[in-house]
Amino acid sequence: MARVVVDVMLKPEILDPQGQAVQRALPRLGFEGISDVRQGKRFELEVDGPVDETALARIHDLAESFLANTVIEDFTVRVEEVAEAVK
Amino acid sequence: MSRTPLDTVEHAAATPDVELPWAELGLKKDEFERIVEILGRRPTGAELAMYSVMWSEHCSYKSSKVHLRQFGEKAPESDAMLVGIGENAGVVDVGQGYAVTFKVESHNHPSYVEPYQGAATGVGGIVRDIIAMGARPVAVVDPLRFGAADHPDTKRVLPGVVAGIGGYGNCLGLPNIGGEVVFDACYQGNPLVNAGAIGVMRHEDIHLAKASGAGNKVILYGARTGGDGIGGASILASETFDDAKPSKRPAVQVGDPFQEKLLIECTLEAFKEKLVVGIQDLGAAGLSCATSELASNGSGGMRVTLDDVPLRDSTLSPEEILMSESQERMCAVVEPGKVDRFLEICEKWDVIATVIGEVTDGDRLEIYWHGGKIVDVDPRTVAHDGPVYERPYARPEWQDALQADDAGKLPRPRTSDELKDQVLKLVGSPNQASKQWITQQYDHFVQGNTLLAMPEDSGMIRVDEETGLGVAIATDGNGRYAKLDPYTGAQLALAEAYRNVATTGAKPLAVSDCLNFGSPEDPAVMWQFAEAVRGLADGCRQLGTPVTGGNVSLYNQTGEAAIHPTPVVAVLGVIDDVARRTPAAFREEGQLIYLLGDTREEFGGSAWSQVVHDHLGGLPPRVDLERERLLAEILISASRDGMIDAAHDLSDGGLVQAVVESALLGGKGARLIVPDGLDAFTFLFSESAGRAIVAVPRSEEVRFTDMCGARGLPATRIGVVDGDTVELQGEFTLTLAELRETHEATIPALLA
Amino acid sequence: MTARIGVVTFPGSLDDRDSRRAIRLAGAEPVALWHKDKDLKQVDAVVLCGGFSYGDYLRAGAIARFSPVMDTVIEQAKAGLPVLGICNGFQILTEAHLLPGGMLGNDHLHFICRDQKLRVENADTAWTADYTAGQEIHIPLKNMDGRYVADRRTLDELEAEGRVAFRYVDFNPNGSLNDIAGITNAAGNVVGLMPHPEHAVEPLIGTGRTDGLPFFTSILKKLVNA
Amino acid sequence: MARVVVDVMLKPEILDPQGQAVQRALPRLGFEGISDVRQGKRFELEVDGPVDETALARIHDLAESFLANTVIEDFTVRVEEVAEAVK
């Protein structure tokens, strides 16, 4: 079993009210030096079987047709080796 | 990023032969030539941007204007009208010093492309129109139409649209108190997402969109300007002048309801301190529209420095800034001495506000960029002197055949069992089924003034806590009726909304509309449009309810196929004491059920013909507006004098639909008898207009029937509120449980 | 002399006016408080009302929790100031860790607005004394993020100490664990719930019931008799 | 300028109805072989200046106190080298 991660972010030119709200709150929390914040979605898909070219291509289709609305969003698909928490 | 050289007015005058992409911007050759003629030179890129958006169908009403004039010409005398057509929204007097503004707008196409954001920004736009009048928005409504309920794309569009309307309206704190949900294959690919809003203010707080007083400052406030909805302008910016530009800008806008909520609060606070001379929301055509409209409605000119507009994207060209449709922005004209206070209020609410220009002595709108003058126009030529078309129109050839295909000839149920089956089929069909799965995604309670909300006949809001003054609103439309006969269809929409308001005890005062049609370039569609407008204008004159404003949405079609002509009508009413309102639910056993009005064999365009036979043909129900007016008077008097405890209007689905709804709402059944002179089928399913059912306490029966008799309104006792079944004597009995299951399961099964 | 009850307005608060109306109808004096002011104007109790503070961006209540007024509210709540968090206010209280657990999106993923039946499980808090334990009431509910979650240990503790103040009856509208509609802190001065008692204070309005009024009369009596 | 990404996911023991809704829709869309889907948030922070140990530690604090609610969510912080779209 492997994990494929699809990240979906609003296109850069599209307003991201959520990211902006976070950014505006930062100074109040005493955080400086962050010039932009954007907030998107992260999907973790647990795939049975090997994640080969074909599987990735199918997930790419899934992302394009369902997980993202490409009118306003971009997405990336990648295989995640190990889920490693910095925490 | 500035291109070389900047296309200033001077530069334009000196380079008359530069090719401009007017066609790509949607202008016709003669329209472009008119612009050249008006200016006496070729327009600059920025001027072309402004003219092209302001002269678009959406902003200039170039195809519809010649017809819409009837709303003014035929307007009935009305003391209630304070502000009429032409402003952001109409305003009516509701008494006690209060005024109410309301309007309906469409956001059809964007909602198909991106259902959530398209619908959300539709709510945002209509609410800004309401604030721009000086009012506090108090409620929204959302008449919606989708493709077939079981079409896969409906499952994509509808949940997104509903979530978007809820997501935006709920976050603004506006109760959603009404609307419609209609399914019909004709809206596949062209869903109709109409959104309406109501606002309340004191008479003295009415504000208009005009810039007067030389020296007064023009303040842009709200969201930063980004590259939203400016496909056309980026053509202008990139392909013609500077190929380094990104050539594609998003056509869909993302809404920020939180920003809009702040905009509402800070605008109202500025109004309260009398800081605002004139105000305009930024909607379609953004700054182009706001500056040219403010300037042309005022007494002087206006000078704007575009460099001062706060941007979200620093690469935007001046053309793009002028055309951007970034949401949640407003423009206010403020006296110099009050600017500081205005900015302070904006800061209090964390709203960005910037002085971008001032009102001038002259009569020109001048816009500067990087020190150069890029716009120098008479603002009236941009805002008001757009092209006007007398589009050809002709009754389509198929209309006769359609009308000849009489629904009265369809096979009717022959046995009691068939009758019963068809009743169940009707109340469980997507169009007649409970819309609770949808409406429970909307906040009905916020602001603490909601008396009635879905599924009541009209939404009702308390305006004054002390006196109990309230307003009611209902929106209605029936594309099937309008397809059969657009003139009558428009009047039926009006009649139904009017009746719905009266059914709850409120007196209908004024009308707004949203006219959804196919392509005006098709003479058949144009005929439908012309007929609908004529029908509505005639109807409003007869009912004494002026049209105060509205919206036109054209080009709702896929290829050659246009949607059904769909005029949606909103009627606003007033009630002196909301404690006297009449709900639809049967609540007391033993109360007598009366049917008001005449029932005829009218099945053209009916729900029965659709649900049982998938048929559309014949003539829609007849309209008798004098009867509607009488019915309304009776319903209002009966409510005021406490003669009725429930009332429900009869419309699509006919009597049985209304009885089932009232029974389910109150959890009390009904025993019905077919009255003399009618057969059971016609009694249950006819859609004759001008009818309602009422529940009358026995103690009031004589008083009530005397009143109807004296005023000449047919009132027929058809049964009694009783038990936990709906029974038609001698025909069938259905338990409330079974009816509820059938009525409530349909929509979740299709969409959840 | 009556009690002064503050209602905080955050950017995006929606039910501040409604909450003040409910306080007034109960006979107390409503006092408007502003999120940027640390000063609570010497109120005797505070209501954090419903709405979408900061658009509910990031997480419901997450940004509001860091406002200046909350610094004071947190400090004084710990010292015993009665605080009622309604809906968004409840979310703010969990984000501020004045109440345990957290709020997540409804399990059905939709906003839901309905007349909700609740059972009052704890009638000993500052805000529930005018109810009786076990009483069933109907209060409007309307939210997107109403799913109460907490780890098992916290839930067990809440149950054991009788700190589940309200439970959904007949229908759990959002997937809250243990059908929890509202909870209280151990001292009983801080109470949070998802449904909106301020929308159920007038017989004509909304659902036409007044089942929410006792929240406000409870606190009034407590403050006046104190 | 560098980009730091903070991924926030619901703790594994907490029901994730959004992820489940996606998963339930997969067969309808003709996708098989995905055994689990979880949906979380992705924040992209544009940081002025170098992203050294100190900067990362501060962003870690920010994530812990603000971007995630650790009562219900886990998070990871990482520096993103290049935003590379598989798309």
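Should a chain be cited, it is by its letter among A, B, C and D, assigned in written order, with residues numbered from 1 in that chain.
Operating definition for what follows: a contact is a pair of C-beta atoms (placed from the backbone, for glycine too) under 8 Å apart; a residue touches a chain by one contact, two chains touch by 3 or more.
Heads up on the chains, UniProt names are A, D = Phosphoribosylformylglycinamidine synthase subunit PurS; B = Phosphoribosylformylglycinamidine synthase subunit PurL; C = Phosphoribosylformylglycinamidine synthase subunit PurQ.
These figures come from a predicted structure and were not determined experimentally.
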Report task. Quick one: point me to the chain whose Cα centre is farthest from that of subunit B. Result -> D
Report summary line: For the pair subunit C and subunit D, the C-alpha centroid-to-centroid distance in angstrom is 31
**Report entry** Centre distance in Å when subunit B and subunit D are each reduced to the mean of their C-alpha atoms
**Finding:** 40
Query raised in the report: How many angstrom lie between the CA centroids of subunit B and subunit C, rounded to a whole number?
Result: 36
Report task. Check each residue of subunit D and list the ones that touch at least two other chains. Result -> 66-67
**Report entry** Touching two or more other chains - residues of subunit B
**Finding:** 256, 258-259, 350
Query raised in the report: Going by the touch rule set out above, which residues of subunit C reach two or more other chains?
Result: 54-55, 57-58, 66, 108
Report summary line: So the complete set of touching chain pairs is A-B, A-C, A-D, B-C, C-D
**Report entry** Residues of subunit C defined as touching subunit A within the complex
**Finding:** 54-55, 57-58, 63, 66-67
**Report entry** For the subunit B and subunit C complex, residues of the former touching the latter
**Finding:** 163, 166-167, 170-173, 256-259, 261-262, 349-350, 440-451, 462, 465, 578-579, 752
Report summary line: Listed in rising order, the residues of subunit A that touch subunit C in the complex are 17-18, 21-22, 25, 28-29, 39
Query - subunit D-facing residues of subunit C, complex - result: 58-59, 62, 66, 94-95, 100-102, 104-109, 149-151, 175
Report summary line: So, in the complex, the side of subunit D touching subunit A is made of residues 1, 7-9, 19, 22, 25-26, 29, 31, 33-49, 55, 58, 60, 62, 64-67, 74-78, 83-87
